[in-house]
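Listed below are the structures to be examined.
Note that chain A is present in both complexes that follow, paired respectively with chain B and with chain C.
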Partner chain A sequence: MDSMLLLESAINGALVGLMYSLVALGIVLIYKSSSVPNLAQGSMTMLAAYIVLAFANNAGAPLWLAIVLTIVTMFGIGVGIERVALRRLAGRPIIMILMMTLGLEIFLRAGSMTIWGGTSRPMPLGISDAPLFLGPLLINRAYAVGAAVAIALFVLLVLFFRTRIGVVLRAISDDYTAAWSVGISVERGVALSWALSAVVATIAGVLWGSVQGVDQSLAQLLLKGVTVAVLGGLDSIGGALLAGVLLGIVEGLASIVLDPLLGGASRDLVDAAMLILTIMLRPHGLFGRHDIERV
Partner chain B sequence: MLFRQAGIFHTDYAADRALFPIPADRWMIVILLVLALAAPLYMNTLYLSSYMLPWLVWTAAALGLNLILGWAGQFHLGYAAVMGIGAYSAVHAQRAGIPWEIAIVLAGLMAAAIGSVFAFAALRVKGLYLALSTLALQFVMDWTISHVPAISGGTQATLQAPDIRLLGWPVTSDAGLFYVALVWCILVTTFMLNLRRTALGRALVAVREKDYAAAVIGVNSFYFKLVAFATSSFIAGVSGAVLIGTFYHAVTPEQFSVDISIQALAMVIVGGLGSIIGSYFGAAFILLMPGLMNAFISWLAAQFGFSLGIETLAHLPHALYGALIIGFLLIEPLGLGKIYGNIRDYLLVWPFGYVKK
Partner chain C sequence: MSEPIAAKVLSLNNVEVVYDHVSLAIKGVSIDVPVGGMVALLGANGSGKSTTLKSISGLLAAERGEVRRGEVQFLGRSIGGLMPQDRVKLGIAHVLEGRRVFEHLTPDENLIAASAVRSRNDMARNKDRVYSYFPRLHERRTVASGYLSGGEQQMLAIGRALMTQPKLLMLDEPSLGLAPFLVAEIFQILSRINREEGLSVLLVEQNAIAALEIVSHGYLIESGRIVMHDAADALKRNPDIQEFYLGGTDNKNFRDIKHYRRRKRWLT
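Let's look at the complex of A and B:
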């Protein structure tokens, strides 16, 4: 096997993996504050991409303005979802909460399809198709931009968690009863984390939309996002980033090695296998907190 | 009113342990059974074969999922994959010349064997992580079924299912197929009804409430999780085989994709966790809802003179279906079974609402 080819697909894989981290970050933000595994993150990503296009194409706003408007809209949608759907389920069995996020997933996905239809639309970010040259290696320019945005977002989130509101969110994620008892409004904190994750979904939606077009397949990023989030540890933001890189590299290499053997489409298999292996070997992920259960 | 009771007062243990302690319930069951058996006489074959039959088979499948979800409390997001294993096993067994009666048992055993793999996930993790690992297993099994030509006959292939023969008699009429589905559904229902008064059923409930606590009082939680997964996989496998044999008549991988797993989950949640009558309601609701919704929307469109695109019409029922799941979880988390139970309890002692029920 050509080692340059492997290296090239590993680097491109790492960049794609960082873009997966964008989806995973949204899941982690919500899980950190409220222990709710958000299975609707994929359809929130898709919804955001559709809203950007609606602002840009139907309302005629320039793309940057459309993205800003969508971020504001999604902030509101995130708060709304928490307020209407999730707050009343607090303290209920995890089965109900998972089913609720699945219901949201179906509702948001089919709802966007109902409004905008299923045909794939381009998201014209203006990133050229020409590859970047890194020595002899070809790097996909769109992936590189996505990865850079993911890292920038990570830095922003780390800085955000050092501000006053960020400290409040960290307190909630540490122990929400204790946070409550010192006068922190846990509900508002959780709502804020949903809003933030909806904003992250917007960014993910724009970037992924520019890579693969805006259609139903954006919602299928959920599996990648969940895998990355679990692998990194569901409550670790840095973990999501590193796990994204890891999953991307494994996927990139595996698709080169396995695709000829298995007749293609081994990426999803690799994702599922990674998810199962992580859960079996190290359920709390690489950097997640190890929960102790009491009877 | 309907029940003519002033409360439930048993004078011996046998009456207390009866499946249906109230005479009115027994009468209702008898009437329903007669109605079901006579259904081919008074029902249009279209309704019989395209509504009643899938409803019965899906009810049996939903009851199997309810066993694992409602009784044993273990999440299972890969239920459709297990049904698929049963369906493919039965079709392959039949094509190899094995009679259908034996083929569906083989299908159930095969599904139970592979479905028990899910139990090993359940040994290691629970709750959210179990849900995610069963979801991943669903993807792995989907992939395996569609990518191994020996199983599916190729990625885009459809395997034709041979006609059902029971004890040498070919079953091809709509009524015959309906009776096959009815018998399977009654069998599963009877099993589930009796489960709640056996040691196995009580052990499963103990494991559901808290597996550590169950272990403390001497219930081997791993053993019972394994039994629960194997039993529910058996039911899933046979239901999948019956579904193919009586309804689809051909098997493709898409019939058992992850969406179908979520649909089965929705049946159980909408019907009510751990509720048997709820599984009937849930399956009916989820199966009939898209068609009824479509009819309703086109009626509205005709009534108010607006027209909807084909794509809107195709996706709107799905959106409403998601909205219904959300609505049920918010308004009545215990589902249709609980709503039925509330109405029944109210009427049971009507007009003496203060009586202990």
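Let's look at the complex of A and C:
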């Protein structure tokens, strides 16, 4: 019986983990195409969820249309972020760009508080609360949907990075100056990567909004996203997926085993431990690229 | 030093480049490259060779440099205000110093990435052409480029530039860090491309011996100024060039260094 409980938490954990991967994929997408670690992915996820609700509730659009409109809007916001905030930083030290994304994160979070307040709003996706039965195991339906979407997105991104545009983006990430020298418009490439990542944030925002409601706490998914992205290797799409599963399972089991001992909150402890240990023991993550050194 | 008037693919008139608004890197450089010609720009470290190339390819902005005076003309057209990608589209290719291949991409992907300004059909044709010039790249086309040897990386850097279908190929120290036989091989391929396709080449080198073997003309740059310009053969015979750039004619003692300095008379 106890082992059944553990198995159930492991499976649900894996599904939640895949939903973390949704956030991590946005981070990986930008890193893989411009070498910028994006710390604004959490609040972009939150912002997207708010915009969906604005289209659905304030403008009265049906939810599917609201989501489509939000994807278009977020694409534009991604392009705008590059144009306004990042273009002037091209060629500057990476730490300045990192701080800029952190500033964006805080700005978006605070801005949403001003516009929409702090009350949690529901995101009615229409996924039933009734669990799925997998034999004797109860599986959360919303998590299962989120996990399926994450896997689909993973496949799309892997294919995308094999296309001509995808190769160009990876080239930009390798060497900005060399990219310029062969006629690549680095600015447009970076803008595209932010736009795509904003679209990924929309998908994550809708799914997470339906699970836990839409409020500023969605932005805290950044921590999960960063942990998963770093653990998987910042530029590895498959890594983000597997690391999500791994983190989800560890979290799920930890909450069963450790919560009674510690009185709760062991999930965040486990997250932090994973992040810190990864950076200490395997800085390039499970599947990240090494910096190539020839001997 | 008078030359026959030929059509020029590139012409720099009194170009002056400043970094960060203050530091003057090149001071009134004038260079001509005739259509189909092969010209070398020789000089020591920090003399302004790379800056000159960047003023042509438009890569100065990324390093907060700008052309403050003078004009860069490409095929008779002033290209001062153009973005790097627009210059590539016009036909200017710049092979960067230190090769700078996309290390995590395979050679094949490097060539694909370098086709951003060209169509898909052009890309396929250019790739065949590059692989025919550099068969070794074709053998290694699926390895991460960071693991290629220095010579292979230099071939890839040149191949990548050829993917943009240049009319002018500029190379920044392609011989750097390569074994002499590789330098010879790469320079031979460059001459061949120049001969067969009429591609104009501007070759920046510290390795004056190798460079003067394949070019028709050479410019000598010192501290941001062009101090000498002549046909390659004349440069090879010039005693100053022989001493300072071709390694001297006879064994000089280090005590004679002062003598060397004094004889760099074009500096004053």
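Going forward, the second predicted complex is superposed on the first by the 286 of 295 C-alpha atoms of A that agree within 3 Å, B and C clash if a C-alpha of one lies under 4 Å from a C-alpha of the other, contacts with A are read in each partner's own complex, and residues count from 1 in each chain.
The definition used in the following text is that a residue touches a chain if its C-beta (ideal position, glycine included) is under 8 Å from a C-beta of that chain, and two chains touch if they have at least 3 such contacts.
Remember, it's a predicted structure, so these values are computed and weren't measured experimentally.
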Go through the superposed model and pick first if A:L261 touches only chain B, second if only chain C, both, or neither.
-> neither
Partner chain in contact with A:R289 - chain B first, chain C second, else both or neither | second
Once the structures are superposed on A, label A:V230 by its partner contacts, choosing first (chain B), second (chain C), both or neither.
-> first
Please work out whether A:G91 is in contact with chain B alone, chain C alone, both, or neither, and reply first, second, both or neither.
-> second
Touch check for A:R164: first (chain B), second (chain C), both, or neither?
-> second
Counting only touches as set out at the top, which of chain B and chain C does A:D174 meet: first, second, both, neither?
-> second
Looking at chain A, which partner touches more of its residues: chain C or chain B?
-> B
With the two complexes superposed on chain A, say which partner A:I184 touches: chain B (first), chain C (second), both, or neither.
-> second
Once the two structures are superposed, pull the chain A residues common to the chain B and chain C interfaces.
-> none
In their complex, what parts of chain A are in touch with chain C?
-> 90-91, 164, 167-168, 170-171, 173-185, 289, 292, 294
Residues of chain C touching chain A in their complex?
-> 57-59, 62-64, 83-85, 88-89, 93-96, 100-105, 109-110, 112-117, 120, 144, 146-147, 160-161, 163-164
Along chain B, where are the residues that touch chain A in the complex?
-> 69, 73, 75, 121, 124-125, 127-129, 131-133, 135-137, 139-140, 143, 147, 210, 212-213, 216, 262, 265-266, 269, 273, 309, 311-312, 314-319, 321-323, 325-326, 329-330, 333
Complex contacts: residues of chain A adjacent to chain B = 37, 85, 88-89, 92, 94-96, 98-100, 102-111, 113-115, 117-118, 223, 226-227, 230, 262-263, 265, 268-269, 271-273, 275-276, 279-280, 283, 293, 295
